[in-house]
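Both of the next two complexes hold subunit A, though its partner changes from subunit B to subunit C.
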Partner chain A sequence: MAHSGINVLFEGTNFTRLLGGLWVTVKIAAVALILGLILGIVLGVLRTFKSRLLRLVLRLYLEFFRIVPTVVLLFLFYYILPKQMNFNLPADQLATLVFALWVGAEMSDIVRGALISVPKHQRESGLAIGLNRYQLYRYVLIPQAITLEIPATINLATRVIKTTSLLMLISVMDVINIGQQIIEANNHTHPTGVFWVYGLIFLFYFLIDYPLSWWAKRLEKRRLARANG
Partner chain B sequence: MNSWAIIQQSLPMFEKGFVLTLWLSFIGIIGSIIVGLICSLLQYFKIPILHQIATVYVEISRNTPLLIQLFFLYYAFPVIGIKFGAQLCGIIGLIFLGGSYMAEGFTGGFNGVSKGQLESGKAIGLSQWQLARYVVFPQGFSLSVPAMAANIIFLIKETSIFTVIAIPELTNTALDLIGMYYRSNEYLFVLVVAYAIILIPLSIILTLLEKRVRYGSFGN
Partner chain C sequence: MADKILQVAHLEKYYQKRHVLYDINFSVDKGEVVTLLGPSGSGKSTLIRCLNGLEPYQNGTITFEEETVTPTEKNWQQIRQKIGMVFQSYDLFPNLTVIDNILLGPTKVQKQSKDAARAEAVKLLKRVGLEDYADSYPRMLSGGQKQRIAIVRALALHPDFMLFDEVTASLDPEMVRGVLNIIKDLANTDNMTMIVVTHEMNFAQEIADRVLFLENGKILEQTPSKQFFEKPQTDRAQEFLDSMDF
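Here is the complex of A and B:
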């Protein structure tokens, strides 16, 4: 029984299995982010329009996704979609859908915030030279808003990646689920394996998220330095 | 049994979960604010060694998910001889996570104080401590209120993850009931309503608070 727990990581195909799980995690996060960003930009632009009804509906959408914890969102879709609407999706696609809708909600607020913080005279000058609404957004507001929203968007991406840890709850074979299987299978021979497996997963998440949040912070600092002169 | 009867029967259990969620959130938030404040002050005054430790802690905590932090505390720590009960693990985990978010909030507030203010302070001959006490902190704290508000809501929602180490808070109560009786619609409905009861009034209060303190940073 002189096995050290760390060996559990390298026995058989354990390490490649964990990497495979990580790939599932990253793939779901990436697809959800791309879909969510597109949805969020459209919704964010719509939220700056004048129609009260439209703004109310989109606001309710945002608040719903803000108030309900992501764990609960996952279970809502997991239980209710198949039962009420007879709409069956594999767990990983279901999770992608939930995350995309959630990212869309959060992103719509980021985009809206950035659009309304473009200085007013920019919008007015645009209107004064006779741009129509499409041109105003396309050439004046969106290009200026993008630089404002990039750090917040990257931070949102790190949140999505962290939130993928919840995938195991609806039995997606993500990195944590595979980690648990490895721990259980090797519990007799490597009782300290649990420490190393969870340690490695901890490290995986850190290695993905740290560079992203470092980048976001740097961009934000630069923006602040510019704004403060 | 009709849905309403199902819901009524489950209410006493949800009530327990509700109280536990509130209680764990409360301790977690207070603890996070204390840890966050300490870390941000260490970083602001650049206390040797300690501020590097604070920075490493903030980066590790912010860039890993609560779920794996909890697994580590709950399953991996006993292997090296450190054992906590589930609820204590939850609280420690939440403070470990929340501390860094709060620290970032405070630090963001301090950094948001405009350069003109700092330079004016120096120009009238304030010492470093006076500058912090009379210029940076009063403005910095009011600037950090929106981040604090967002973090408070965030931490309350994160308590739903406690379900993975079987703490009987709201989410765990609902999942348990679903497992036993398979009435997912009813229990999930109560669950969403319960979170709404906590979070909607709270977010309204926090928004009002933000509006009040925004005057503190006027003229920036």
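Here is the complex of A and C:
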């Protein structure tokens, strides 16, 4: 197997470097998801309030992050904000911020949808025992909304993880960027290295995303079985 | 003279342009059981829901325990602790066990100690024959059991006044008796003041001290129960009783 391109993965520190890149990817996705979930729950709750102005503002926020492509958002934050507003962050933190704001926006819609699909009688039963608005959300509405929204949230997580592949565009040393470097550095000695490196990256993404999406399906099935049974 | 626990004066309610309650006037004495009867759509449920602030009203006053209610959310929230309400759709909170459903009000709203509230809740569960279900989730219970728990959940706050909104209307017929017996027991043993909306005429006759008969959002008559079921004052009420095969 002297000439097999697979060796490129194990030359020098290549494999550990790829794993390191994967770690950057996972870390950015995970931190962004956690921050975004918290932000999304708060915004989702606010979006069920009566104030029209509040709802309009939050709606605009959602639509902005939903309509503008993620690449454009990354460029906007990476190239334009530092210049115009003197807002400087290292690329990986900036990427985390953009992703967190995006997750927050998408999540606010998931949370709002789940909250308004909790039956009206639940709200009234809560009010009837004297709960105030905070207690009503805290003990009655949000716990029920969460079981409704978990599958959609996990699907959002898989999307976020996939979308981290754009991070190389703002020079974050994520798994794809490092893979690219390895391919270029070894192009001469391992002409087929590109297949192996991208193959491994494919495997990495698959190993993270597939269990998540399987989990989401299973939870949804269980929820439906419970709701109908 | 008996204490008036609730007085409603000149209450008017609209849904947008539609006028649904017209000049409602009545009062309830302490310990009295009033049933609201009337055909579907007559405004019974709307009226009872106005009484604990779940429906806003546009005109008139509600006076509860000598105090005129200022209809703000904060005010209602205080008053609702003294007014227990049970709904047709027995909505226990599905995310909480039976005991946690019951304890939510006493511990979070009234800040009672968990142990005392728990002891009290278990006593109430025994009273309705469901002490074995304390740690079950609502989805494991039958409709009748859920409705009994819903009554316990309301009682756990030590209300002075109970509202029952067609609490047996969506139950299987064989479950109805058990729930009605609990309500009757509350009236007889605890002397609980209550307003009951129901379509069960036999039950209404057994339990009511006084009947308010509503049609099209107006109170057509307020008659002591015995007299209402023997000879109501209005022809419309007589027709209604006839149509219920009573």
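In this text, the second predicted complex is superposed on the first by the 225 of 229 C-alpha atoms of A that agree within 3 Å, B and C clash if a C-alpha of one lies under 4 Å from a C-alpha of the other, contacts with A are read in each partner's own complex, and residues count from 1 in each chain.
Just so it is clear, a residue touches a chain if its C-beta (ideal position, glycine included) is under 8 Å from a C-beta of that chain, and two chains touch if they have at least 3 such contacts.
Please read these numbers as outputs of a predicted model, since none were measured by experiment.
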item: Subunit A: partner with more touched residues, subunit B or subunit C; value: B
item: Touching partner for A:I34 - first (subunit B), second (subunit C), both, neither; value: neither
item: First, second, both or neither for A:L19, with subunit B first and subunit C second; value: neither
item: Partner chain in contact with A:L56 - subunit B first, subunit C second, else both or neither; value: neither
item: Touching partner for A:L166 - first (subunit B), second (subunit C), both, neither; value: first
item: Which of subunit B and subunit C A:G199 touches, first, second, both or neither; value: first
item: Which of subunit B and subunit C A:Q135 touches, first, second, both or neither; value: second
item: Touched partner set for A:Q84, first subunit B, second subunit C, both or neither; value: first
item: Footprint of subunit C on subunit A - complex, ascending; value: 119, 121-122, 124-133, 135, 139-140, 143-144, 147, 226
item: Residue numbers on subunit C that touch subunit A, as the complex places them; value: 52-54, 73-74, 76-78, 80-81, 84-85, 87, 89, 91-96, 104-105, 108-110, 139, 150, 153-154, 157
item: Contact set on subunit B toward subunit A in their complex; value: 59-60, 62-69, 71-72, 75-76, 79-80, 111-112, 114-115, 153, 157-158, 160-161, 163-164, 171, 174-175, 178, 184-185, 188, 191-192, 195-196, 199-200, 203
item: Subunit A to subunit B touching residues, read off their complex; value: 5, 66-72, 75-76, 79-80, 83-84, 158, 162-166, 168-169, 176, 183, 191-192, 194-195, 198-199, 201-202, 205-206, 209-210, 213, 224, 228-229
